[in-house]
Every structure is written in C-alpha cells, then in structure tokens.
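Two complexes are shown next, each including chain A; its partner changes from chain B in the first to chain C in the second.
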Partner chain A sequence: MAGPVLETDVLVIGGGMAGAMAALSARASNARVALVRRSPGATAVSSGVLSVGDDPRALPGDFFASRCSPGDAARWVAAADPDHPYARVGEGLGEIEQAIAFAAHELSALIAPPEDRNRWIMTPYGSAIPCALCQRSMAAGDLVEVEGLVAVVGFRGHLGFDARLVAQGIDRLEGLGAPRAEAVELALFMGQGESIAQPFALAQALEAPGAAEAAGELLGKVLPAGAAVALFPPVLGLGPQDGGPWKSVPERIAAAAGIAVAETASDVPSVPGLRLQRAIDARLAASGVELLQGEVAPGPGGPGAPLEVAGRSVVAASWILATGRYLPGGIRRRGVLQETIFDLPVEVGGWPRRTSTPMSTGSLARRPAASLTDRDERALQPLFRAGVRVDAQLRPLDVDGRPVHPRLHACGAVLGGHEPAADGTGMGVAILTGRLAGRAAAGKL
Partner chain B sequence: MSMTGAPAAYDVVILGGGVNGAGTARDCAMRGLRVLLLERSDFASGASGANSGMIHGGIRYMLSDRHVTELACRDSGYIQRIAPHLLFRIPFLMPFASAHQEASLVERATWYAMEVYVGTYDLYQPLKRGKPSTRLTAEELYDLEPGLRPGLAGAVTFDEWGIDSHRLCVSNALAAARHGAELRTWTEAVELVREGEKVVGVRFRDRLTGERGEARAPVVFNATGAWSPALARKSGAVVPMRPGKGVHLTLDRRWSNYGVACIAVDGRQMFLMPHENESIIGTTDDDFYGDPDDLEATADEVEYLLEGVESFVPGVRQARITRSWCGLRTTLFTYGMNEDALSREHLIIDHGARGASDHRARGAAGGPGGPDKRGDPSKVAEGLDGLLSIVGGKLASYRAQAEEATDRILAKLGRSAVACRTHLEPLPGGDALPDAAALAEQYGVAAPVAARVIYRHGSLAHEVLRLCQDDPRLGLVICRDEGILAAEVVHCVRHEKVRRLQDLRRRCRLALGSCGGLDCARIAAQLAGRELGWSGEQVRAELSDLLSQGWRERRPILDGHQLANEELLRGVHRGLGGL
Partner chain C sequence: MSYLAYRALLAHPWKRLWRRGPGRARFLAAYAPEGLVPTRVEDRRIAEAASACVACGLCESCCPLAVAAPAVRALGLPAVFRLYSRTAELAGLARGALDACGSCTRCDAICPTGVPIAAIVAHLSAGRAVERGAGG
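Showing the complex of A and B:
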C-alpha cells in the first residue's frame, strides 16, 4: 500500500446522500472523518427531490395542504411496516425532523428551506411527487403554493419534455387543490442536431451568457394571462461551477420574463441529480472530510484494524457502510444476493410475511430471482427490498441476529426492508439513517 | 357498444396476425380476394415474434422431416429475394467435443457422421444462397471463436440467415393492406356466424374501443396459432395441437463471433448466436398446457439454457441477460413422442370436409409410423363448412404455407386458380437496398443509425429519413441501443398500423434493448401520443403497459447489472413517474 497510514475516527464507505449525511453528522460531532467513494451512485441519477414519505392515510381527493408532515408520514410507514428502516431505528425515528433540517442546512446552497409539509413537485411524466426537500430551482413549482396558472414551458427542440403531458397531469390534480395549467412552447434549440436535445447539453447551453435571458424574453412574449409560475424541464443549468461568480439559470430567466420560474423533478439522465451530487461533494470538502477515491479491500479485522482503502491503509475507529443497493453495487446478485464489501448477510424484506417455518436469511438470498418477485410489477417486490439487516443502532446483524461488530454501522439504501428507488422513502432513509449512523459512530469515540 | 354499419362482405376473414395470417392475407389480397384480417393483439405478438429469428433450413429436421428442410431452404431463398434488407448471414460452428483426453472411436465416428450430415445439408444450401460447410481444425476453430472451452477437436460449419421476424410479419401485413386487405389489430373474434352447417362470418370486438361488428365471408381462415384450439372449440371444432413452449434468452451484446451449436444437459441441440446487436440463446421445447396468454420463462428454463451454452462457451455466465422470451410452437398433436421429435409439418384443416380425404402437407401429420391415437382429425366432419385452420409449420416456410392456404381458400370459394406471386413481388421496402453511407450523408444522420433504418425499412428508409429533413427534431436518436430515430417512431405510427405504444416493440424494437426503455419509452410515448391524439392519461397508460411487458420478460433473469438496471427503471417509471 502506497502513502502513509491515514488515521481517522470514522471511515464512511460511499459518497451518496446516505454517506454524506453520515460523514457530515460525524463531523458535526467533531469527529475526524474520511469518506471513500468509487464513482457517482444512485444519488447522482436521482430525481433531484428528496422524498421522505407520502401520506399513506391520504384519501383520494384529499387536498395536498391538508396532508400530514413528512415526519408523520415516516412514522406512519414505520407503524405499518416493521421491516422498514424507519421502524428498525426505533426511537431514532424521533429525529426525522432534525435530520431533514440538518440535510437542508448542510446543502443549503442547493436545497430550498424545508416546510413542515410535503411539497408537491411535477415530473416530466405528468405525475406529482411529494417531497420533504427540493432544490431551490424547483420550489416555485410546488403545487400547494402556486396561486394562479402554471405555464408549463417546453422547448420546441427538446423532444424529451412534453409540456402538454405535464400540463394535463396538473389539470388532473385539480381536485387535490392543484392550480390550473397551460402548455406553452418556446421556439428554442431547433435544428442544432442531436446533441443539443440531450438534457446535459441543454443545461450547458442555458448557462451560456445571454442564453437564459433570451429564453426569458421569449417566454415573456408568450405567457398566458394569469400565469403565476413558469414550469420548465429539469435542465435549468448545471449549477455553480468552480466557485466563480454565478447566478442561477432560473433566476436569470425569471428576471427577463418577469415571472417566477421553476423546473420539474427529473428522470434519467438527471441534471438535478448531478447537481445534488456536486453539492454533496462540495459540502464534504468544505467541512473537512478527507475524501478518497477508489475501492475498499476488506481485510480480516473489523473497525480499528487497518483497512486498504483506495490503495491506502486507513485506520478508523468506526466504519460506516453507505454503499447503496444494486445500482451503485452495495448489494449485488450473482446467482445469490450478496453484500459486496464485507459479505454481510442479506435479508429479503417483506416476504414471506408469515410462515409456519421461519426461513433463514441465507436461504432466501439463494432463491431464484423470479420467486422473489411478483408478476404484477406494481405489487411489493421482495427482491427490490433486499439488503443488510441492522439493529436500532444501525449495526449490521449476522445470521444469528447479533451485531457483526460494535463499531460497524450501515445506512441508506444498503439497508433492507424498503425499496429505495421506487417506494418514495429512499432519500428519507438516507437522510435519517445517515445522520443516526454518523452520530452513533462519532459518539463511540 | 354499437354494431358497426351493415355487415361488410369479404371473400375471406383471416383470424390471426401472425406470420401465417399476415402471409395468407398478403397472398389472398394479391390474388384479388377481398380480405379482412382480425388480430386480437398486434402483428407477430405470439410465436411469430418469439422464434429464434432465423430463416433457417431446419438442419435439425433433416432426419425426420427432410421435405420440411427442403421447403424451408427453398423459401428462405424466396424471402431473400422479396425482403433482402431484413436478412443477415449467421455462420454456425458445430464443435467436436470429446469426453476423453484422446477422442474415442465412437466419438470420431460421431464427428464423421456430423460432417456427413452437414454435408447433406449443403445440398440444400444453394436454395437459400448459403455457403457450403467447412471442416475446421481445432486451431482454426479457436482462431475464429476464442471463447470456446478448451479441448475441442475441431468443428464443421453451416450457414444460416437471421431475420427480424417482427418486421417480416408486419411487412406481410402492410403488403396485404397495399393490395386492398383490411387489417384490424387489437380486435378479437368473439364468435363465428353460422347458417346451418355453414360458417358465414365472424363477430368481432375491438378491444381498445369496445366497438363490435360482424364481418361476412364464405371462408374463415383460423391462423391463430396457439390460440386456435380454444377458438375452434368455441364452435365445437377440434384443432389437434400439442403446443410446445420455446424459451430464448437475449444477451446484451454479441457474445460470440459465430453461432455456436451446443448440446444441452439432456442431449438436445441448442445454440448461442449473434443476432443484430445482441446474442440469443435458444431454445427449450416443452409441452405447455396453460393459457397461451400466460407465458413466462421459469428459473429452471433459464438455468437449462445457460448450462447448455456454458458447456461450450464457459464465459457466458458473465454475460448480462437482458430478456427472456417465450413462444408456443403449434406442433400437431401426436401421442407417444418427445417434444423434440414432433414433426414441424404443417396441416390445413377443413372443418367442414365430410369424409373427404383432406389435403395435408406432403407427408403424414402424425409423422412416419404409429397411428395417431385420435385418428385423423382432418377427416372428422364437424359441420363447419367454410372454416379452415392451420396448425404447425415453420417461420422459414411461412410463404409456402400461405400459398397453400390461399390455394385452399380459392378452391373453397370455387374460384379459378390464380398464380401465386408472393415469391416474386418484393415486400414493402424490399425492392432496393440503399447504401447506408450515402443515406447518412444525404440526410445528415450517423451511418450506423442509417444502417439500422435500412435494415428495418429497406428502400422505405428514404421515407423515414425524409421526416428528419422536414423536422430536424426527429433526427434525435431516442434509443442508442437499437438506433431508433424519433423519425422512425413517427413513421411507424403513421404508416404501420400502430394502435398501441407496445406495438412499437414489434415495429422498431422500442424498449427491447438492454436499457429496457429507460429514457426512450416516454419520448416514444409522447411522439406516438401526438400522432394518435392520446390524452395525457392515455400516454401514461400506454407507457405503463409497455413497461409491464418488459417486466414479465425480465423477471426470471434479474441478476448482476441487469438487476441494477431494473432498479433504475423502477425508480424512474414507478417511483418518479407514478406509473
């Protein structure tokens, strides 16, 4: 191993939302923290909003504004689903509000200040998703707040965003208290070939001097009467670069058009997801977290023993596993479900719920994929809830249900019992368990 | 639900938009008949789109059904003439494997027999412009295909043709329409209309609009494949079928340079072959007793296929499987035989034939020897004069099957024989093969994309690419896996009888690539929605339906990177999109 041994208090493995929350929480407790990441993971392709939980009690037709807070939504999930990490953390769930506030504070350059309710942000699919936190560039599009007409703005040259589909999606939600919407199209980005129609190329083009202003002026001319906000595709700039003077694309468009401007959440490729990852990276660096890039080669010892990290030897009193689920590779299936760094046992959450002969974690992990899924795609899919099982201190458990090591913690999507990508609680779990794991790791020094 | 207008008068109503139905519709229309084709889902949505994608001679059938091989080879030659754009050469290697350090005498004899066997196949190769076989030494074999397991003693080669079977079927349907046939997809036959012992038409229902109608015709041709026994049964007729389930796997890239003939654990022949941008592993052959609408690969079948290929290409376990897909072979019912041994013959049944000796494809339906325990089904008088059914047959011989069916339909109608021209007249786009580089230059698209458009549309590629000239936005490549242009989606929706988003799976391979429709599905849905006037809710419903189809194909193979991709897909479509 090259380079001197790095001695630190807490080593976080994984640099997405969960790893960042863990590292920043540990720093906030004055621990020395190193964080190793391999490559951008699920956070970098996420929608750009941070959802903690929908309101499961909400009846169809319940107005957005009357629904419960993100924290209460999480408590409801915990009560309904004992496998969910919200339930596993026990009393730790009481910190959900503080954890959300902490995340918003740490990432305040990008994230809008939280409300005590969910915001409802449109997506390019014409759906609205509830979120505890959203990017500043999206806040003005919160359907609960808009008073007046939403002008959904498409660029004529950008086939990836159909303003009509989004406007109809808003109209469909009128019964829930959503505003009315109308689609408008700006004759922009026409005929410049294929590349310009891709989200990142559009975001870059809009950052160019004068581009956002030109779009704003064009928008000003076609705004329908009564429009209160202009809702754009999620391509409004790549975000602050290299710390230079910078004014956001939404602000520039708004100034030129004379109307509030917002963007929707994003599918992939996701410009807001990349912005979120960049904001995380910047915040980690600024808060004094030692950042390493590379792989982790597990050795025989646990926390406290030297670990080969990115080609260096790192000695840390506590380790936090924040490697995510399938997409970033924290959990993998190669015929069998495995946790990829420490080979921790993987549980398959949510199934079978009740059985006369309890099955061991291992036997489920070996089952064929098809037997861990339901043919109805929208049904609960145990395979997508597979992950590491932890105790209330977020310590991974061995097959006998005992902590593997008192100072090994796990957080985020690597935890089983929830479906981080699709069940609407993924970022909430990252925020809450990241914070709890970071504090627990730092507290044991 | 309303009845549409006055009963239309047709000469023949064809049930089923698979390759038999579409091919017969084309032939009938070309011979001047008034044709209505009803398809309960989309063209090629059953076995016609779930086969190995080969216009092959059926080297496997040479022992039992030699004329099947000959017919298939002859017709393969015709298909090359009428649709040259849809075909591509796939050379196959048949390796010599020994279980010992030094090959035993028996093994050497077996290899010699293989050589002779393939050499016999060479006799048919000129019919389909195939290249003659070659004997390869071990060294030559490993030069050509380094991924093969060590210890092979050499190989013989044989030559086959790959095809986009969806496009073949759709092209036949579109050709039928050009000749005046009326095509109704997503329309199911509810029941036959009878007058005494005569079948005089069909009552149908449009599954998308709920609209009902009645079509009158003196002949109804049941070409509904695995669905035909149930359809016939409703009217008291019998279609003797023993459906065999065939499963294929798709790998995300070309995993071998050539097709590799492998031996499965039970000694069956199977293969790994490069096909378009991917590789295909096939296939299983098992009796299927379930509902043909309810077809999914099982974990066992996936394992069986992988195990068989692994014994020749060990690295295949590392491959990313992107789809599993199944079809039902509509083999004729025979008792007392293994699935594999069932004849690939076809049979056209006249359900009204009273005691008359029925015509059948050269040879006996029950295979050589052994009486069929059910007796000869085609001779049972069922009092359904005017109803014909087709069972069995091969993709490669679809045109000949259609020709025979059309002959039978003409005879049934009492019309004088008109010469068949389906082997002479090109399918739409098959008249000329444009040059990809020239086309790319002319329309300002990337050459590989132009090549894909030509592959799928032949000379009609000009029409597709012209759309990009009129609207540069349509030059957007919405799928990088399959090279799908926005213009191609628009072209298919406008000109290729697209009624649902999932129809585009079978027009231009939408969402069939390794990403499963991650970022192309919504764009295609938006484009199709604009063309077809869908509401936002319809766009979302169509998108959800398209993605559910993919889920059913991927559920049995979720592993490795494919599982990671599925997580992302679910996140985007179900989590974010709320579909």
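Showing the complex of A and C:
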C-alpha cells in the first residue's frame, strides 16, 4: 500500500451534503476528520434548493396556507411516519432548527440566510417547490415575497428552459396569492455562428467579462412595465472560482438591468447542483478536513482497524457512512438490494402499510428488488424507500436489530425510510442526520 | 413481418451470391453500409459500462471541449452515448464530438455513477476507424 498511514479521528465516506455536514460538524467538535469520496454524488445533480419538509396540512402548491416552519414540518413528518429518519433519530429531531442554521452558516457563501418559513421557488416545469434553504441567486424569486410582476427570462435556443411554461405556472398560482408573470426572451449567445444551448456552457459564457452586463442591458430593453423581479433559468454562473475578486452573475445582471434577479431551481444538468457541490468542497478544504479521492476497499475490521482508502491506509476511531443511495452507488441492486461498502442489511421500511400483501414493517428485505414496487404509481414506492436501518444514535443495525459496531454511523440518503426524490425531505435528512452523526462520532473519542 | 421474410428469403441469399472471401469480410461488405456490424465482446462490455450513464451532464461541466468545440458543445457527451446505444447509424451524428475528444480523462473522476467515460469515448472512436476502413 503506497503512502504513509493516515491516522485520524473520524473518517467520512461520501462527500455529498450528508457527508459534508458530518465532516463539518465533527470538525466543529475539534475532531480530526478525513473524508473520502469517489466522485460528486446526488448533491451535485440536485435541484440546488434544500428542502426539509412541507406543511402536510396545506394543499399541494397552496403556499399561503403553508404556515408552519420547516422544523415543524419535519416534526409532522416524524409523527406520521415512524420509519422516517426524522422519527428514527428520536430526540435528535429537536435539533432540526440548529442543523438548518448550521448548514446555512457553513455554506453562507452560497446559501441565503434561513427564514422561519419555507421559501417557494419555481422549477423549470412551472411548479413551485418549498424549501428551507435556497441559494442566494434564488432568494429574490421567493413567490411569497415578490410584489409586482415576475418577468420570466429565457435565452433564445436554450431548450432546457421554456419561459412561457414557467410564466403560465406562476399565473396558475395567482388565485392562491402568487404574483403575475410574463415571459420575455433574450437573443444572446445565438449570433454569428455561435449557439450555446447547454446549461454548463451557458453558465460559463455568462461568467465571461462583460457577458452578464450585456445580458442585463438587453434585459433592461425588453422588461415589461411593472416588473419587480427577473426570473432566469438556473444557469447564472458556476460560482466563485479560485482566487481573484468575484461578483456573482445575478448581481452583475441586476446592476446592468436595474431590477432584482433570481433563478429557478434546476433540472439536470444542474448548474446550481454543481455550484452547491463546489461550495461544499471549498468549505471542507477551508475547515481543515483531509480530502481523499478514490474508492474504499472494505477490510475485515471495524472502526479503529486500518481501512484501505484511495490507495492509502487510513486508521480512524469512528467511521461515518454517507454514500447515498442508488445514483452514487451507496445501495446497489444485484438481484437483491445491497449496501455496497460494508454489506449492511437493507431495509424496506413502511412496506406495505397501505396495500393488502402483508409483510412486517421494517423487515430487513432480502427479496428481489423487482417485487418492491407498487402498481399504484401515486403510492410511495418501497424500492425508493429502501436503505440502511439505524438506531437513534444513527448506528446501522444488523439483521438481529443490534448495532453493527458502536463507532460506525450512517447518515443521509443511505438511510432507509424516506424517499428523497419524492417526499421533499432529502436534503433535510442529509443536514440533520449528517450533523448528528458527525457529532456522535466526534463525541466518542 | 413480410419485410423480414423478404430479407431472409430473397435479399440475403441474393447478397450472398456475389460475395466471396472469409465470413466476416463477407458479412461486413454486405451489411456494414446499413450500419449492421457484429457485436464483439469488447463492444458489449463497453455498452454495459455506458448503460450506467444517467445523463446527469456533469461530465460536460469539466470537459474543456464542451466550451471550445462546437460539435461537443451542441450535442454533449451524454447525447453521444444515447445516440450510439440507439443505432449505429445515429452515432454518425456524434462523429464530430468523438473526433474532438483530446483524451484528457477529466470526465472519469466526476461521473457520479462511475462510468469510465474516457475509455468509452476512446473505444467508440477506435471502433469507427475500423468500420470506416473495412466498410466505408
């Protein structure tokens, strides 16, 4: 094995939102932390907003009826679903507000300061989604705050964003108290043989000197009367680059056009997702977390034993598993569902409370993954709720329900019981369980 | 169905009549112009690796050519994979992007699902070179 042995207190496996929160929170407890990851994960392809939970009493999309705070929404979720990680952490859920504030503080270069209610941000599909935290570039587009007309701006030739669709989506919400909206189009980047239509290329083109200003001037000429905010597709720059003074693309456009500028949440390819991942990487490096890139080769021992990580031997007193679920490969389907690094048992919680085929709740599923989908496409799909089962200290459990190891913790989407893509709690689970797991791991030294 | 019968009973024997040489060369001469080339073991391995692509587009963010080369910029790497997997004919649309690749392998490190992108692009480029040499 090449390289000297790296000795550290806490080893975090996975570098998305959950792994980052775990590493930063362990650092905040003065532990030495190493973090290994193979590549960016689901955080880098996320919409770029951080949803913790939605008011369950509000009608879908009825944002003015949604009056409870993100923390209270998380408590509703925990009360309604005992398999959800919000419920599994027990009293740890009481820290949800501190966890949100911690995430906002650690990533304050990118994330707008939290409010005590959900913000409502438009998506490129013309729907509005609630989020506890959003990026600074999105905050001005909070539908609850906007007073006046929303000018939805599209770039000509950018196929990933239909400004009229988004404007119609806002208009549909008008009866609920949303502002009115109108679509405008900027003919930028489409002249003289150049055609920039891909989101990342657009984001890089807008960061070039003068490009954002040109967009702003063009926008100033086509703005409808009474416009209070210009809502752009989520392509407004890839964020701070290394070194040099930096002014954000939304600020530059706003200064040139004389109007507040915001962007929507994102689809994939996701510029805000990559921006979030980069902000996380920068914060990890700045806070003194040892970053390793590569694979983890599982060995025979538990935490405290040497582990081969990215070609090095790492000895850490505590390990935190934050490998995510299907997309980054924390859980894989090989006939049955498997946790890929430590081969922990995978549970399919909550199955099937609303269907007729009985199977004990929270059973540790060793059954073909194909049998874990529900024919009712509106129902919660057990397959998408599958993950590692943990106790209240976030320690993974073996088939007998005992912790696998007292100093092995897990956090984020690798935990079962929630459906990150559908139930609107994915980032909230990452933030809360990441913080709790990081502190628990650092506290046992 | 009747078209398939026509291919099997009339068109295929007719083509065989005029071709001479070893089996593989004969097959390529008869069918490569239609885009029907035999699948080799490496082709299958590459196709399986490429099937892990979820078209998240992250590879484009770190591809220097995505900004510089119009062929890559217009189409994008995931689109190349999708086109190739659809039919070999459509892969021709991605020719510009494949030829532009400078093999810097930056894309491998950023892929969330671990697709060996650089190896696949290299394989597709090499494969096309062989086909062009053999069948036109």
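To be clear about the criterion, the second predicted complex is superposed on the first by the 417 of 445 C-alpha atoms of A that agree within 3 Å, B and C clash if a C-alpha of one lies under 4 Å from a C-alpha of the other, contacts with A are read in each partner's own complex, and residues count from 1 in each chain.
The definition used in the following text is that a residue touches a chain if its C-beta (ideal position, glycine included) is under 8 Å from a C-beta of that chain, and two chains touch if they have at least 3 such contacts.
None of the values given here were measured: they were computed from a predicted structure.
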item: Partners on chain A (chain B, chain C) - clash or fit; value: clash
item: First (chain B), second (chain C), both or neither touched by A:Leu274; value: second
item: Which of chain B and chain C A:Gly329 touches, first, second, both or neither; value: both
item: Which of chain B and chain C A:Leu159 touches, first, second, both or neither; value: first
item: Partner chain in contact with A:Arg38 - chain B first, chain C second, else both or neither; value: second
item: Chain A: partner with more touched residues, chain B or chain C; value: B
item: Touched partner set for A:Ser287, first chain B, second chain C, both or neither; value: neither
item: Which of chain B and chain C A:Ala197 touches, first, second, both or neither; value: both
item: Which of chain B and chain C A:Pro124 touches, first, second, both or neither; value: first
item: Selected from 19-27, 37-45 or 127-135: the stretch of chain B that, after superposition, runs into chain C; value: 127-135
item: Overlapping contact positions on chain A, where the chain C interface meets the chain B interface; value: 42, 45, 194, 197, 268-269, 327, 329
item: Parts of chain A lying in touch with chain B, wherever the complex brings them together; value: 42, 45-47, 123-129, 156-157, 159-160, 162, 164-165, 167-169, 172, 190-194, 197, 265-269, 325-327, 329, 332-335, 368-371, 373, 375, 377-378, 381, 383-384, 419-424, 426
item: Interface residues, chain A side, partner chain C - complex; value: 38-42, 44-45, 194-201, 204-205, 238, 268-270, 274, 293, 327-329
item: Residues of chain C that touch chain A when the two form their complex; value: 54-58, 60-61, 66-67, 70, 73-74, 76, 109-114
item: Of chain B, residues touching chain A in the complex; value: 296, 298-299, 444, 472-473, 475-478, 486, 518-519, 522-523, 526-527, 529-530, 535-537, 539-540, 543, 547-548, 551-552, 555-560, 563-564, 566-568, 570-579
